[in-house]
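Take a look at these structures.
Next come two complexes, and both contain chain A; in the first it sits with chain B, in the second with chain C.
Take a look at the complex of A and B:
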């Protein structure tokens, strides 16, 4: 997280502060946790294979070629030409599945990165400085948390003048940073009252150096766990919105686009090859990411570790 | 205790105020006004202008906000652009269905979650418990729309056990017992979808609470007094474990409301979630504004109820 953490400092702090319940995630701890939990290991392997297949596969697929309408192949059932059949425009489902999965994963990832950046920065500032700054930030967070998220996103999407993938990511991020800020703030608050922070302050270290180089590494484990679980949730929200028809522009396929075809009863009941693969892929992705996240959470908390 | 509640309610007022400003700003950003729909090629622009003037659309933004919020308090959200009737009556027609569905979903959630959670916690690590844990993982991970489609596909189209759309069949007289049963019949699939999603967290909580409670002193005391095991579970442990579950009901409500957009769309159930999506489709901005405000207030109240119940259950987190 910190661009170039001072390794010695981190080690020193960990040794001094061995009683901390949330030490930085060590690779060994994570590896032991995964070896102990066979399901988590399977989930991780499946996830890696899925990601590799989707990204490598999508590299060989031409988006224009896949999205070209050919009415002759309308609703073609699965065959040797179209392994998973074709949709109402005669477009290959398999091709759309690869592109859609790649787009959904990339969007979910972008939103996770943006909201984490905002959430971690604001949370650290609020927790570290406390007082008025904390109060102002947290009242804004409280307010964003009570907004009806889905509805606000849908309304914003319909009224923005030029709607692109980029605006979509921004609009979604607008509502997703608050919970993360609250989490980071509560951790930073207790961490900032520790002796090493006071010591660093007395030595005259710059506040921002303390926050990002000294406090942040100590709460990084909880942030990584939270990011993993958020990643799954964000993919779910993006595909959900696209399913409703308020996500990605039609030219950019998402997993939600494929599931969206099932809103017509005919496709839902008679042409399952259009929507079942995408739904399954979403489910498997969510399950694996969540399971890996749970294992990371256990690894981050010494009390819950299996290994 | 009452101090906490009062403080929390007072805290809601500025939030409500900012929410209303935000929604008013959004409404102003939406293209068109109530008279856009009246414009035809041979409408005199002056007539429209006069109508706008009479409706106060040329007043300063503050005056407009003041009028909007006063009317909103009275439940007057203007006239729908597409349906040409009062927004409040459109929402009124649909709200009943959503309330009915939400109630049914909550009841179904607890009917499933309470026994399952208790038994899974009681017989920890049994085969039943392991199945429950797997069920929890799946129901926690599955997105609403995927689950809804699968349920609709299986029980609606493949097995044809339940209706696939609507809230009641045509031709059933309203007010009769058959009418009520027919409505209930239409509720089962959407209700089940919501309930499965709701049970994920509830079962998880309850199971953990029971497992924790098993090792507590009060359970050992009860057992050594000679209270039978089943009674310890049904009385002592159950009551203790129920507290955190009840406090979660506010958040459950919030989740149901945002889930209603998906569930009502998939099952073509005429509630306010479906109305929202339809209004977005027809660009019916006066209905959209009213619905966002309504959903916002419900979310606010849900969070409030949750916070208050939480402070009742756990005195440590009271505000003062």
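Take a look at the complex of A and C:
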């Protein structure tokens, strides 16, 4: 057992020099992942441009003006006045597209934020403490999960009298937090049994600090990825429900209301300018968000990284 | 307190895990104590309850799944009855712990400096700059080259030996009078092992810390420990000063353990193995001598019905009477 401390030190020094300090997950890692993956990078750029255009464009559009019915322009085809034509009420499709996209994205985003906040908090508490607390929270989650979500949402939407974007977001969130809680809880459960949590306890760190400052960052990658993909899904659900006629009222444009026009066979075949732009926008949004989500997922998992 | 120098006094400690609907003791009636400036080694095979004893002292068990009874007296406080809040005042500040696998015991997403500073934040009122100074001082103390650089790194960027040094720095950060080291060198290779153990011993002598060193390596025990407690199936079966234990082992289990170390000067090069394994918690016989099943050639009358500790020499305790006429199996050696 002849150990030579000098050799050890030399080895450790060179080992140190070769590695600059990389956090396991951080801005740099994500940036590198996007630079390596051209598809994801393109998706990200397209997404940013789309979001900026929609939000800046929508600021200059007056909703009342756009939504005013003028029968003279009924089903006007694309022209210099109506770049994308008009609908059955003579309302500009382009204007509705801007407002609708903004509304749909805002709704999807709000639902994602609210459900994530609730899901992460409850899931962390359940997974970290386990036992009775876990049991109580998970039984409530189970109950919400077995409810027929879409039917309940449709029923609620029908019986709530004054129906706005805000109530729509609340109703959707009411049912969507449960799956998030379950996901976070299962990750928190295994993460909380790791040695570093015990080690932290042996330093006298209290439970809430360990939960939010140590366990949460370690499961944050999965949460971020899930949030991204969820964002796309929530936009989809909103447009879907609205398409079926159970979403936003017709006076509030959304991507769903535009696609909804395609339910009439005549519009579907003869007036594609009404529904094609909205459908394309949905398609492109979903694809971009999903590609970005995949890249984030890879960045979060060191084994899958490209860069 | 009977003894000025006593740091920790464990009396009749039981830790039971819930399996199905019953609690099974993994630590069964353990009574040991730790003094200032002393290294107490706890040895035993895998599964005999060493880690459970350590985590019980640190209060890491989930009360839903474990039942802890007995006393762990520290400064007239029974740690077993403490609530989380009071325990947090003691953990880190008065008792530090070093884990077996430093990679899993370090948070992968926190810089080394933040992990070492964690205890300092909770137990001291040091300013941010002072804390950082202390972190560098600690890294220096545990023999890490280039502390300012390592302080900024993440655990996965360090070698195993360096990680364990960081763990030791964490345990030392508030200069606790007691350190529990659960197999601190098992995950490391032999040369690094020796370095880490030397470091522990050095730091212990410097600060007068009492260390509970958990290991299954009798070589480590001989080198480091002042006193040894041998555990078998959740119980302490023999306890003695280290010299006494190696020169005059009594309990059949201790003798078998010592006998299973490869000897350079032995005539035959066959290794002695102890037949069988530590029984699982559920199957463990709760009556009679727990080692009896593994030395079937010893007659049943040799064992006590309810084995207790006997003082066979000053400060040398052995459980059960079966040591008196114990011999190794014929033809076995």
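As a convention for this text, the second predicted complex is superposed on the first by the 276 of 307 C-alpha atoms of A that agree within 3 Å, B and C clash if a C-alpha of one lies under 4 Å from a C-alpha of the other, contacts with A are read in each partner's own complex, and residues count from 1 in each chain.
Going forward, a residue touches a chain if its C-beta (ideal position, glycine included) is under 8 Å from a C-beta of that chain, and two chains touch if they have at least 3 such contacts.
Source: prediction; values computed, not measured.
Enquirer: Would you check which partner chain A:132 touches, where first means chain B only, second means chain C only, and both and neither mean what they say?
Expert: After superposition on chain A, A:132 lies in contact with chain C alone.
Enquirer: If you stack the two complexes on chain A, which partner ends up touching A:232: first (chain B), second (chain C), both, or neither?
Expert: In the superposition, A:232 touches chain B alone.
Enquirer: If we overlay the two complexes on their shared chain A, which of chain B and chain C does A:143 touch? Say first, second, both or neither.
Expert: first
Enquirer: Just checking: does A:202 make contact with chain B only, chain C only, both, or neither of them? Give me first, second, both or neither.
Expert: Second partner only, chain C.
Enquirer: May I ask you to decide whether A:259 touches chain B, chain C, both, or neither, giving the answer as first, second, both or neither?
Expert: Only chain B; A:259 stays clear of chain C.
Enquirer: Going by the contact rule set out at the top, does A:53 touch chain B (first), chain C (second), both, or neither?
Expert: Touch status of A:53: no partner.
Enquirer: Quick check on my understanding: which residues of chain A belong to both its chain B contact set and its chain C contact set?
Expert: none
Enquirer: Can you list the chain B residues touching chain A in their complex?
Expert: 15, 18-19, 22, 26, 29-31, 137-138, 140-146, 149-150, 152-153, 157-158, 164, 257-258, 261-262, 265-266, 276-277, 280, 283, 288, 291-292, 295-296, 298-300, 303
Enquirer: Which chain A residues qualify as touching chain B in the complex?
Expert: Contacts found on chain A: 142-143, 145-152, 154-156, 158-159, 232, 236, 239-240, 243-244, 246, 259, 262-263, 265, 268-269, 272, 275, 279, 282-283, 286-287, 290-291.
Enquirer: Along chain C, where are the residues that touch chain A in the complex?
Expert: Residue list for chain C touching chain A: 55, 58-60, 62, 64-65, 84-85, 87-93, 95-97, 99, 101, 104-111, 118-119, 122-123, 145-146, 149-150, 152-154, 156-157, 159, 161-162, 167, 170-171, 173, 190-192, 194-195.
Enquirer: Quick check on the complex: what are the chain A residues that touch chain C?
Expert: 1, 3, 5, 8-9, 12-13, 15-16, 19, 21-25, 130-132, 194-196, 198-207, 214, 217-218
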